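Below, subunit A partners subunit B and then partners subunit C, in two separate complexes.
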Partner chain A sequence: MTFAVVFFAVAFLAFIGALTLVFHRHPVIAVLGMAAATVSIGVLYVMLHVPFLGLFQMIVYAGAVMVIALYVIMALGPEESGPQVGTVQTVLTYLASLLFLLHLYRVLIKSEIGPMPAVDEAFGSIQAFGGALVSRYAVPFELASLLLLGAMVGAVVLSRRQWQ
Partner chain B sequence: MITIGHYLVLASFLFVVGLIGALTRKSAIIVFLAIELMLNSVNLVFLALGRYFGQLDGAVFVFFIMAVSAAEAAIGVAITVAFIRRNKTTAIDAANLMKW
Partner chain C sequence: MTGIWAIVIPAFVKILVIIAVVMTGVAYTTLAERKVSAWMQDRKGPNRAGPFGLLQPVADGIKFFFKEDITPKEAYRPIYLLAPLLTLFPALITFAVIPFGTSVTVAGQTYPLAIAPGMNLGIVYLLAISSMSVYGILLAGWSSGSKYSLMGALRGASQVISYELGIGLAVLSIVLWTGTFDFNAIVADQTGGWGKVWFFIPHFLAFVVFTVSIFAETNRLPFDLPEGESEIVGGYHTEYSGLRFAMFFMGEYANMITASAFVVLLFFGGWNLPFVRYEWFGPLWGGLLSMVVFFSKIAVCLFIFIWVRWTLPRFRYDQLMTLGWRRLFPLAVLNFVLVATWLLLRGRP
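Take a look at the complex of A and B:
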């Protein structure tokens, strides 16, 4: 019962935060809405029995990405602009979103939906997670480190070049 | 009783809101964050299904998606800053060099 109440509260907060990001005119408030949404999604990760990733989500998104986005907005001056209205692109976007949602629900109501099965305590533990990372997923793990190195070099090159 | 359907419905809402933001907003930073929101909602689906089937593979995938999105954040912010310095505006309509 408590679980359901917490779930709906957190889901509502995530949804409101996402709406704030997309529909608020002021960029700083929009980014703060996104921060609320990412923290709520992190809480949902914890409720899904993967507390490690929930913590990770809060540190990486609410900590790093949101602060960088706020920093960019503050450094370059906040510029107010809402979502576009009345263009062909807007109409097509809302139409495509609606069709996509309807299609997802058509799939969802056709499939069997059961309650979450019980899992043992070791399910989302760091031991199990680390074991998977260094055994079955060792190659992708190494490739991810190469990707991060490449991204770091690229960011330095991009920010050092002089743009006229 | 919270079923897997609740998680999937929430994730689909978040994905569609992020999609609308990515396609209708003008500010480059907001578009970037809307794409991050779409990534987050897909992560939620991965974790919910992984939990439902009792397998850890979903969580490992989410871990890798987070690594990719961290790389994307670093490059994306660098590109955004370069773009804003060059065009003196955050509006992505200014990126019309390859417009036909």
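Take a look at the complex of A and C:
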């Protein structure tokens, strides 16, 4: 009972946050909506027996990524703006979003909906998490770090060009 | 007392005790700040309200309460009203995972002295919540609609983000050494056995990085550039008045208390004293004594915070960034690699 109440409250908050991100015209409010959504998703992870992942979701997304986004928007001077329509970019964005939505729907109808399966103590612990990260998922993990390194080098190159 | 009430009532009592202690602590730290600064400058300090000025925090509180709450014309009102709460709230909820003593036994029941006693991810929780505290500063500065506020907010945010790395790495080296995120286990690892010492001796490098970063994280001098009054008036809280300003003030001091508790738990043995065992004093008095020892250590840390503030001049902004990124961050990485190498080659002593 308590579980259901907390779940629906948090899920509702995540939903509202996501909608705010998409529809609010003020960029600062939109970023705050996304921050609220990421924190709520962190809480959902905690409820799914992975408190470690939930807390790291908060540190990385709400505490770092969203703060940087907010910082950049504030430094540039936020302005309210309407949606852009009709460019090639927006059409491609809509198309990609539609594909993603279809994929989500497919996942949803495939998955079994029922009471949460019981898990043992070790599930979601830091030990299990770290072990999986450096053994089974070592390659994706390294690929992700390579991607981040590439992004970092790109950022340095772009800012260098601006200085000169 | 059965079922859920056996959990809820003790938790509620503990929350009340902690809020009372922390809020009183905040009030009297502001007085201590003024008294110690007066002492260091050969003045008397506040001495009108009550004996030795002891009622000064009460007078200040009443004054804040009756001041006009001003919203500037250019402010973005909903965020402007929310920002002070976002500063104070994270500062207070961090105490949920900070253990403040061993445990007390009342009427045959043993209660661990922490609001969330079973939490084995205390350190991660503390880092997660403190990484949120920057929202209050950023939003306050931006929503005020004033250039000084915005400058202060941008300074504050970049400072907090830069120094969080040092804090994280210093904490991680302790975690690597002890193999746990649990405050109780880390405290237990520092006392009560042959060769177990407070971590500020074996982990001196981590201790230095952590302590310096904590000063930047709490926006205290010598790193108080977000509110550097000689350059940007009051920084991110320039436009605030009355109770909303008081909330920023309380948030800053509550953050100091949290930071002190963090230092005490990680590097100064928590509530333990060398050569003293709390079992000697019985289950009730031993527990209460451990609580007193813990809060006394925090008080010493707060005194050092104040001492540093009235001794050192303010950094220049580029010096602050150089210190954070070119000195402390490599030092923290070096320390982390050293600890990891030691563990790989020698194992735990």
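What we mean here is this: the second predicted complex is superposed on the first by the 131 of 164 C-alpha atoms of A that agree within 3 Å, B and C clash if a C-alpha of one lies under 4 Å from a C-alpha of the other, contacts with A are read in each partner's own complex, and residues count from 1 in each chain.
Just so we're on the same page, contacts are C-beta pairs under 8 Å (C-beta built on N, C-alpha and C of every residue); 3 or more make two chains touch, one makes a residue touch a chain.
If you're wondering where the values come from, they're calculated on a predicted model, not measured in any experiment.
Superposition of the two complexes onto subunit A shows subunit B and subunit C fitting side by side, with no clash.
In the superposition on chain A, contact is made by A:55 with subunit C only, not with subunit B. Residue contacts after overlaying the shared chain place A:28 against subunit C, while subunit B stays out of touching range.
With both structures placed on the common chain, the touch criterion links A:36 to neither subunit B nor subunit C. Of the two partner chains placed by superposition, subunit B and subunit C are both touched by A:64. Within the superposed three-chain model, A:74 lies in touch with subunit C and out of touch with subunit B [touch as defined at top]. Number of subunit A residues touched is higher for B, counting subunit B against subunit C.
Closest CA pair between subunit B and subunit C after superposition: 15 Å apart. The interface of subunit A with subunit B overlaps its interface with subunit C at residues 56, 64, 68. Interface residues of subunit B facing subunit A in the complex, by the touch rule stated above, are 1-10, 12-14, 16-21, 23-27, 29-30, 32-34, 36-37, 40-41, 43-44, 47-48, 51-52, 54, 56-57, 59-60, 62-64, 66-75, 77-82, 84-86, 89-91. Note for the complex: subunit A touches subunit B at residues 3-4, 7, 11, 14-15, 18-19, 21-22, 27, 30-31, 34, 37-38, 41, 44-45, 48-50, 53, 56-57, 60-61, 64-65, 68-69, 72-73, 76, 79, 81, 83-84, 89-90, 93-94, 96-97, 100-101, 104-105, 108, 113-117, 119, 123-124, 128-129, 132-133, 136-137, 140, 144, 147-148, 150-152, 154-155, 158-159, 161, 163-164. Of all the residues in subunit C, the ones that touch subunit A in their complex are 76, 79, 121, 124-125, 127-128, 131-132, 134-135, 138-139, 141-142, 150, 153-154, 157-158, 161, 164, 181. Only residues 28-29, 32, 35, 39, 42, 51-52, 55-56, 58-59, 62-64, 67-68, 70-71, 74-75, 78, 126 of subunit A touch subunit C when the two sit together in their complex.
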